[in-house]
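Quick one: this structure, given as structure tokens, is what I'll be asking you about.
Chain lettering (A, B, C, D, E and F) follows the sequence in which the chains are written, and residue indices restart at 1 in each chain.
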């Protein structure tokens, strides 16, 4: 075993990395259940595409820009194409840098996938691929550097345990920009566009919660105290969010909804993401309870606007992430986190550091994404035509349907394409 | 011969099946449909979106019968399908020119009475 | 009385519902069907298997109306269902001998006009 | 004009499609239904619960044809649908007063012959 | 790293905890597939609700009552609201108490969720929430104290590795009581009420088995011998149960059923739960084989009774748990478990200790649950009306449907609710 | 803790084992989505059956034949019925042999399950059970011995990190033999036989990838360098395969397909399976890119043949596994793997060693499977009749349907079977 490597920490980080990678297909399932059946595959495929594209860009330059050196705004290219990423421990940890690299890669991947929630059911798949590649470098890597990689937020003292800045706020506010640039679905606000399979939504949420234990619990890069604290808080905080969400649903509609519960799980996990390793379990439960309100409110309010931010990434990730980042400023507790206190424990400066983050990150994410999509839109159409939207993105973009019976499907044999003249069916 | 079309509540489908059986109507086809009529509409909420469901699930029976059987079929469906609340459904009787049993090619009367098992 | 059967594009189903409503046709049933006609067929690929989809999704409306309502129902479906492209669908009008409202047992005219809510 | 309704086995649906095609019947609609007739019922078990399945899957064809085409349509469905075992299904021929092609508004004969592609 | 903490043990317990939490949504999926489609969401939501409610009650008092001190019948309140639950190792282990707390929390959660199987398709959601909160404290915490927390069973020498007492027998016999108090579904015994999606059932069972490796393998709180033994037995025992179940299905119905296989997986995992760390792999395989018979028999027999214990929690958990607890009394082997021998190895007293458990636990669980539900029923209706049952619990209790096409759904805009007068549809 | 055991390595191997076991139900889901709805359960059940049968044969003799001693062709029976498999470290590792046993068992299980892809929708379930039991011993255990257990390939110097020989090539070429012996589905090549649920396919692929981190990352039996390298390569290689597959799909059909993406994930994971711990991340990405071509080509070509190797196990596993094994011969890098260089680094002999493997393994797998199935076919019918095939394997083989509405289902009460004369329905 190499010097400086701890087998226990490495074991935990390996599984944590696998868990976070699993979150992206889980997100695909979650999102796929929330759209209409004719757009199921396209929605799921945006998450799969995020894995493919972001893993490659991350290995090429993303990781290096995020984690090579302590530049204020951006890292260097010293690790470009994974140069120097090997078995030696990543400084400040007892795990091989290869594992650190892989763990961070999964964060970039899921953040890209999250944004797709804003543009499903209409954005062209090709345009999304281009967007994913560029966004993963120009936005994610930059914000990851700010908060994790030695950039100005980190060096300035901002606390962000597992990605309130580069993951949650970045995806949420980029989603808003994407929804604005791409525009609403043609029937948005006129017709009821409903989730076609709520079981996928609940299962997806369950798997996401499962993965989030690796996401938050792994962000200490060890089995040490902050990791353990973040891990346990990832159980308690979403649970309280669920309870409060039930109550809000009851008050609003006199019924507890399942889609609401699935949403609450995500919101609760997002709330604790930045704060997990810094606040006590008690405060984590309060965070889960209070944090439910703004997200709930924005979900209800947003649907009354013209902004078709379809799957409410802003409310679930942007808002909750922002709330969590601020919460640290109040209730961070050195006696638990060994790092710093918040306002409530007499350290007002921490709150200021947190404020900087919630101003800078959303602003950068929104503007950069807005500009990026405008540029892409200048080169290629961002969205499908109304006619195509009516047919559904699965058939139009992928030439497939999610649920096929086979009735009336004519088999085209390579050599006699077209010759086969009669419909042939085999009902499943 | 007539083609009797009955549209009933899913919850009543089994009673209708029993009633048809008692009326010795052995052959029929059924399918799921969505109906609109006088029923009060239910409200559902999906995240921020609140909707009023204008259609309700129904089961559609299609029964071809020889003239002598029409009344029995109609009253069987009626009896099986009735709950007394709005939404019980309708029965439509349509003239039927010919019927053919595919297996044998028998036509008309012969076609609509199934072979006893 | 007539039984009006309308087969339209799924995308147009809502316009048809609106049109029927405007035409004061309050009762009807609808279901999903797959249709074949003059539409260009789409090609889909599943791994090595390439297929031509010969059927396209349609929605089938079934509306029983008293004779006076037939034209209104037909033109409502037409207006709601038309896009002008091949595949808009068809309307069929079939004679209807009797209609029964299961809940009350009313027959004929009485049966096809829903109670106002 | 007539409305020809054919109920066949799912396994035979493709043969029927081919047969209709050969008979130059180009336009039709089809849907899934569950049928009951003379077929032997199958037994299924779900944990402690044993059930007898009284309905079997069928596919329902609905074809509007001008009078000259009725026999061709009927025999096409017959030929495509026949296996000779109980359960092959039925064909019903219903009178059709009017037909309308939604896209153009053509009526009757004009409506039931699809545009050649 | 803190004194007394082993990073490897901690790494394993972190992932084991995440695995057990994942089991509850997996159970929701498993249960949801077994009911009719109109009750899908309500069934799944009972599991989600169990997470929300039980996590909170556990943090508040459950953990403390179960694990604070060695009182014979019940623990103290020293750890109420997680006082003193921190990074220090839980005594007798090399993992932080925070992790121990979280691991035990997931056990309480899934046990509550298991009971819902007895009352699905008819119990009101509100009543279930109240029941879940009270049961998690009054029944689960008590039995967990008896078997795990220093209570009379543990101190008396009863062996229960991973929860035959507080999880399996408790849920099984509580389910029986719940089915009796809530009563049968209106059409039970008259009509065929069939599973609407067997794929959910198979996938759910597969994910439950996956999670069970954490459930049993984690119950040694380390990577030590008993944990390793329990882990491996969790592979072998359910496999033999599957083989025997196949045979029983063939004999009974001349066909191997898929729902049966999914059930066998659960039964096999339950059988090994109490015995996992105490018996050799060979005996574990025998346990899996023999234990299939009583559960299989009860499933077949129960459906002939008037007791609509809908998803057979008694047969799958109560019976199999009881069988596993007794089995230890016969075949426990000190040479493998380092703790104690069973009758077969000359230690008859162990069998007596096990007998006590299988008498006391079911009795307490049944009676306490019966009384509890009677009391709740006196305050609020436990079940939906027949009319509501006919409509389905999803629409009635949650105002949602699992599978929506959107046809004929009128969008209600906040400002003009009711004004929209015409149906609007968008087929998915 | 026992002497010679490392808690971190053990923690990782425990979860890795659980992950690989989870892959088999995930494979069942993946396969079930690819078939017609009337064969859903039968397809899924073949994977469940593989767990049941192979776990038992493995414990009985498989493990011993594979891992007991260094015989050239086959191991001994010293560990038959798990004799001597206990807590002592498996030689060459720091984990208990019980864990090593369980980890290897999961490999045998999934390999058996993989083959079912060649014969779904027509092979009789009973015949498959017999085949699974015999194949797991006669083919899997033998090839596992050759490549992992001290057999001639291993001692000869062939490198196979995680199972290119016994898992991937064995399943792929056995699948081909099985397809040939069992024969094509009656409508193959005449009708379009389409996947009934592409969401199952995507989710299944996602879960398989998740599990593959344990599969490859665990094959170093530690948290050491080779494991870490294989783990990280399991992220990078499939990602590049996805990217290339997207491109190939675009070129071929002008659309990126979802089923294609799911296939690419499998192919990418298979490609890196043999090579994971031996090549650098850079070469791993090249492997993922190049390896996509042969598999893609064979999938397109195979459907034009009369060989109904239904779910393309040969293309996805056999071909990709073979490609990966050869790739090691070129690009193995001692500076990364600490073991050996490939041709590219001046060691031509390694390529020869790899060649031996890609000649011997496929030949043995194909011939042995062919003969085995011929023999079984002589004793019992291998496939269902055409009439049964038309009805669907779920009803015929299991007496169940995957998706039941309950309409027209008559409840048969034990005491009055047959007496109930009228259909009773309860629509879900």
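Brief remarks follow.
We adopt the following convention: contacts are C-beta pairs under 8 Å (C-beta built on N, C-alpha and C of every residue); 3 or more make two chains touch, one makes a residue touch a chain.
As the structure is a computational prediction, the values presented were derived from the model and not from experiment.
Path length between subunit A and subunit D in the chain contact graph, taken as the least number of steps between touching chains: 1. Between C-E and A-C, more C-beta contact pairs join the chains of A-C.
With each centre defined as the average position of its C-alpha atoms, the distance from subunit B to subunit D rounds to 18 Å. With each centre defined as the average position of its C-alpha atoms, the distance from subunit D to subunit E rounds to 49 Å. Spacing of subunit D relative to subunit F, judged by their CA centroids, is 43 angstrom.
If you average the Cα atoms of subunit A and of subunit E, the two centres end up 31 Å apart.
Counting partner chains per residue, subunit A has residues 6-9, 11-12, 15, 19, 191-195, 197, 253, 255, 257, 259, 304, 399-401, 404, 407-411, 414, 423-426 touching two or more of them.
Residues of subunit B found to touch two or more other chains are 11, 14, 17, 30-32, 34, 36, 45-46, 49-51, 54-55, 94-95.
Taken together, the touching pairs cover every possible pairing of the chains.
Of all residues in subunit A, only 6-9, 11-12, 15, 19, 36-38, 187, 189-199, 202-203, 205-207, 209-210, 213-214, 217, 222-225, 227-229, 231-232, 235-236, 239-240, 242-243, 246, 253, 255-259, 261-262, 265, 281-282, 285, 304 touch subunit E in the complex they form. The touching residues of subunit B, counted against subunit D in their complex, run 3, 17, 26-31, 62, 64, 94-103, 105, 111-112, 114-117.
Against subunit B, in their complex, subunit A makes its touches with residues 192-195, 252-253, 255, 257, 259-260, 263, 299-304, 312. On subunit C, the positions that touch subunit E within their shared complex are 10-11, 13-14, 17-18, 21-22, 30, 32, 57, 59. Put simply, subunit C touches subunit F in their complex at residues 45-51.
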